[in-house]
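After this come two complexes, each holding chain A, first together with chain B and then together with chain C.
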Partner chain A sequence: MQPTIHNLLRLPKLSYQKRLWLLLLPYLLGILLLVLIPAAISFSLAFFRYDALSPPVWVGTLNFILAYTDELFTLSVHNAVSLVILPVPLRVFGAFLLARLLLRNGRFLNWFRAAVYLPSIIPGAAYALAWLWILNPLFGPVNLLLKAVGLTAPNWFIDPLWARPSLILMSLWQIGEGFLVSLAALQDIPADLEDAAAMDGANSYQMLWHVTLPLLAPILLLLSFRDAVLTFQESFTSVLLTTGGGPYYTTYTLPLFIYEQGFDLLSFGTASAALWVMYLLTGLIVLFLYIIARQWQIGTTDETFVL
Partner chain B sequence: MKHSSSRVIFALRLLVLVLFLLPVLWMITASLHPQGVPLSQKLHLLPQRVTLENYVRVWQLVPIGRYTFNSLIVVGTAVPLTIVTSSWAGFSMAQLPHAAQRRLVLLSLIVLMVPGIALWSTRFLIFKYLGWHDSYLALIAPAWMGTSPFYVLMFYRAFRRVPTAIYDAARLDGAGVLQSWGSVALPIARPTAIGVGLLSFIFYWGDFISPLLYLSSERQYTLPIALQLLQQLGRSDWPLLMAAAVMATAVPVILFLLAQPAFHKS
Partner chain C sequence: MKSKLSARAALPNFVYLSIAILFLLLILVACGGESSSQKVTFAVFGDPAEFTAYENLVAAFTEKHPEIEVELQHIPGQSDYRQRLAAAFSSGEPPDVMLLNYRRFGAFADQGGLEPLGAYLEKSNIIQESDFFAPVINSFYLEGELWCIPQNVSSLVVYYNKDLFDAAAVPYPTNDWTWDDFLAAARALTLDNDGNGTIDQYGVGIEPSIFRLAPFIWQVGGELVDDQEHPTRLTIDSPEALMAFQWFVDLQVKEHVAPDAVNESAEEGESRFLNGRLAMYFNSRRGVPTYRTITDFTWDVAPLPQGETTASILHSDGYCMAKATENKDAAWTFIEFANSVEGQTLVAASGRTVPSLMSVAASEAFLAPDQPPANSQVFIDTIPTLRWVPITTTWVGVEETAGKEVERAFYGQISVEEAAATAISLAQPYFDKANADN
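Now for the complex of A and B:
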């Protein structure tokens, strides 16, 4: 294409294979400098007192004790878990069902798919403001709709009982990634497999439950793990802009605790201790999902790695 | 029998379509509501009098032009950089020996599972040390590693589908690594490149956390932070807030609709 640039970058003494590694270098270096090293430091800071001003001081498990005795911390753990454990299966399974519904040919298929993806494109901050309006107790369209059909309209984000369900509800519209991955995975399933099942007299429900779902289990599991990690983190933007952790700390979650400890109080050690807890919890949640998924008795095949 | 079931499916699809369009529709209709007129307590499809004045008011209240410019700079550098670095990595991975491929895929999956929060404070410290703090560089930084291993895996998947004979033929013709990447592999993986470009555009355009953590001077703020500023200025001025939200959403949506045909192939 541009011979001059290619000539400039041509390193004549290297073999083709070594030059391939050279192309991989920005990625590997970036992972090391921007992900692996920062993550390692983050996790080890849990054992130090560190305020970014004076050098870190080893304090052993003090940060964990500090975090554990902080009432806000235990509350934030509880809130964060309840904001992950219910929506993640809902989101992943919902994305899968939508992908199944929009898999085969039909009129305007691409437009239907685009519509499902559309909410995922909205910037997080705009999305949070939009839902603050949609679920506005007095003027929001959802409550006007509920009142119009004669149902009681909750106060959503303002009500301590409804604040968490509101956050879960708004997260159900942003499932674009899971939808696309499920769609791609479903398209990879050979059609004759389902034809064979249909020949054996399986109805569409049996097909879904005994053929399609087990085949997709490894990918859905991977998606669940990623979704759990992402939800923990992405709930931050929506919580900060919709409820700010309130009312009465009912939506005060771990990311909010970590953010305040680190960036408001400059107590990076406590923030890191909380991080450990968060990561272990994510692991536990996924283990829980894995045990459920094991009932399909599907191992991780090579296909998972391709995705 | 078959005909009626396909009708049911079509009806279900229509229902899904409406359900997923609602948030955007409600954002737009609220943004058209005139200022000063009390909000209706009854459900209307559109406000009685439709106006665009809220979009003008956004410009008067905050330097939205400046913020949009900042967002455009970030996206304009980060997205091309992401496409180059992630396709380099994917291209390289697709041609390495199988054992190396497996290890690199595994590494990518592990990195995907690292929670972003784990990186907040240490990236902050690193950026401060490098002098990248409070500049575009801090916002663009992830682009050096292809932004997300997810994009690298997307390219890896696309490049692996290319028969090795094509790469070999290019090599026999004397093409170097960069040449076969740029003039052989990338054109074949065009849908994937468009997909990655779109996804990374959406990510950088909507990124709220990086500017919140790493920027301190108002001049550098990007659009998502402008939304937060507006919310703090007028908590219940819904038409104004929705106008700003629509403005921030419009750009990625238009791009998405333009890239639609290519996106579905990837």
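Now for the complex of A and C:
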């Protein structure tokens, strides 16, 4: 018998199921300690006036009313939602198209794949600062290029009209995870299917639209869910560092509202209330995507659909 | 199928090992973080050049009090700093001692986050309230308590690049220069050097905020708020205030002597000043350690140009103690040392502060005849004309909200009348909140 730790410690032999649970245990603990418990605390905080310095004071639903009647809150919800609706389909579909493009063998294929993934591993703060330079209205490379070819160069982050598109543009390059998942999924599609379609005389566009895309739809749907949640909640770093919510509140999003209520104004109660509104909205966005998917019957008839 | 089986068989060791490691780590984390009773954490904000001053202060303190260990925590930006402190307070582990601006300590003091220091100061054999300049001690009183010990009594001044003045043959600012003198200089110093239609050198750099605008409002008889002690609303819509506001905004909108929104976002005014492409930059004494690193040109300071009267605005940071501090005596010993003649002399020597102790302010350590700015006396001479913003628990909110409107007006997006009206209505909830709390 091999002298493994298992044998040395004479641990009892567990069933496969139990071992899986053990394997999951660290993550479940993490979710409990870092997500579920804080969420429960923040939910109860939403009913108190709490400034982190003195004990919380019960105020009932006042925080929800305060948040709801605050013009900035409504505006921040609107901004946050509009910063999800456009980029998510673009990001998911872009990741898919790139994966399709970089599926077959070719020269430098691995280099291209690495290049697509690379922006996703840059830390959020560094990424945002890099884009501040890239889109600098006077000295940034994008505007220098635009001016060199005689086009009008927008003022990007400081123009009320362009600030949101700038943030969207910025988010389009961090699609590494979606790209990898799409690539793996594409590689799983049996070559027979495409061969058969080719035999029937389908061109590459038809092949993509009628064969590949439907097969990948469940995966793309899942990616959209994930991306919507991620974009909605984690756009915070990039917004805070590039526009700070400006110019004049045009990119003032819900996470920023929550942050300012909490750490600027020490109204942790209102911040918690707004946080719960954000949870609910995230749920609604996912539900919305799910309903669209059902309408199109994406994935629902497919065995591989997982939720 | 075979490979799957072997994978299953190989699992347990890894599983048990990883779980064992995880719990070990958790236990280690839980046990860590205990501090010794004689340790004092001290949080400061500021540029790297300013930070050196506090490192020297801590080093000198450690030499004198080896039994107390001071751990310095440094956060660069002032608003990031406040948010970091808010997070630290909410986690129940605030720094023992922290440097806070007089506009910002109110929120922390009000709810019992800070330890009042009046009683400590009274008992001290080293420093007394009467050693300090009066306005600056007053600015750290809230609801009858003294909350922090001020380290400095700075004012808003004009930093100017002497080389650019020489090149444009503009006379240096005098101690009694007026708005018109200032504007004339600004015009002459705003230059399109290569004649390509874009401005390469600006005359003025000033942050479009309520805090920068305020002294100009006071100089023509306007007021920021209806009642300095118990403010209930902003009053920047009075004819006097609007006149000053319009003059302030015209520097950019009409005269174009200050960078517009695009140029400001491309490169900030302070960076332009440091690079020798902006002639007059408005800042408090805080900028000095950084400006002393300038080697390409000579610079000096001038008082604010005056309107109908002279007025400038107080900038001050105090040493505050967290109520949650375990070792209050050690924390006070450090605060006391930092604000003793010895401690203030050390920080003043870095250029960072206008010392709040009258004796140190009159000393060579501050006036530093061999180092720029040559005219440091300006800071002392302005003290009698200093005014300050109201000390309330929600003042930061007022400044931030109203500041956004000042900014819009400054960049020509709305009129000053509209900006004033919007600022007043958007800032109102903060006044109401402060008054409801009391």
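In the analysis below, the second predicted complex is superposed on the first by the 262 of 307 C-alpha atoms of A that agree within 3 Å, B and C clash if a C-alpha of one lies under 4 Å from a C-alpha of the other, contacts with A are read in each partner's own complex, and residues count from 1 in each chain.
The working rule: a residue touches a chain if its C-beta (ideal position, glycine included) is under 8 Å from a C-beta of that chain, and two chains touch if they have at least 3 such contacts.
Just so we're clear, the structure is a prediction, and the values are computed from it rather than from any experiment.
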Touched partner set for A:L144, first chain B, second chain C, both or neither: first
Chain touching more of chain A, residue-wise (chain B, chain C): B
Partner chain(s) touched by A:Y248 [first = chain B, second = chain C, both, neither]: second
Contacts of A:A39 with chain B and chain C, given as first, second, both or neither: first
Chain B versus chain C as contact partner of A:L186, first or second or both or neither: neither
Which of chain B and chain C A:I168 touches, first, second, both or neither: neither
Touched partner set for A:L265, first chain B, second chain C, both or neither: second
Partner chain in contact with A:L23 - chain B first, chain C second, else both or neither: both
Touched partner set for A:Y117, first chain B, second chain C, both or neither: first
Contacts of A:D51 with chain B and chain C, given as first, second, both or neither: second
Contacts on chain A seen with chain B and repeated with chain C across the two complexes: 5-6, 9, 16, 19, 22-23, 26, 29, 52, 136, 138-139, 259, 262-263, 268
Residues of chain B that touch chain A when the two form their complex: 6, 9-10, 12-13, 16-17, 20-21, 23-24, 26-27, 30, 39-43, 85-86, 88-89, 91-93, 95-96, 102, 104-107, 109, 111-126, 141-142, 144-146, 149, 152-153, 157, 160, 171, 176-179, 181-183, 202, 205-206, 208-209, 213, 223-225, 227-228, 231, 238, 241-242, 244-246, 248-249, 252-253, 256-257, 260-261, 264
Residues on chain A engaged by chain C in the complex (per definition of touch): 4-6, 9, 11, 13-14, 16, 19, 22-23, 25-26, 29, 51-54, 136-139, 155, 157-158, 246-249, 259, 262-266, 268
List of chain A residues in touch with chain B within their complex: 1, 5-6, 9-10, 16-17, 19-24, 26-31, 33-39, 41-43, 45, 52, 98, 101-102, 106-107, 110-127, 129-134, 136, 138-139, 141, 144-145, 148, 173, 222, 225-226, 229, 232-233, 236-237, 241, 254-255, 258-259, 262-263, 268, 271-272, 275, 278-279, 282, 305-307
List of chain C residues in touch with chain A within their complex: 8, 11-13, 15-19, 22, 79, 82-83, 86-87, 89-90, 107-108, 110-113, 261-263, 265-267, 394, 396-397, 400, 404, 408, 413
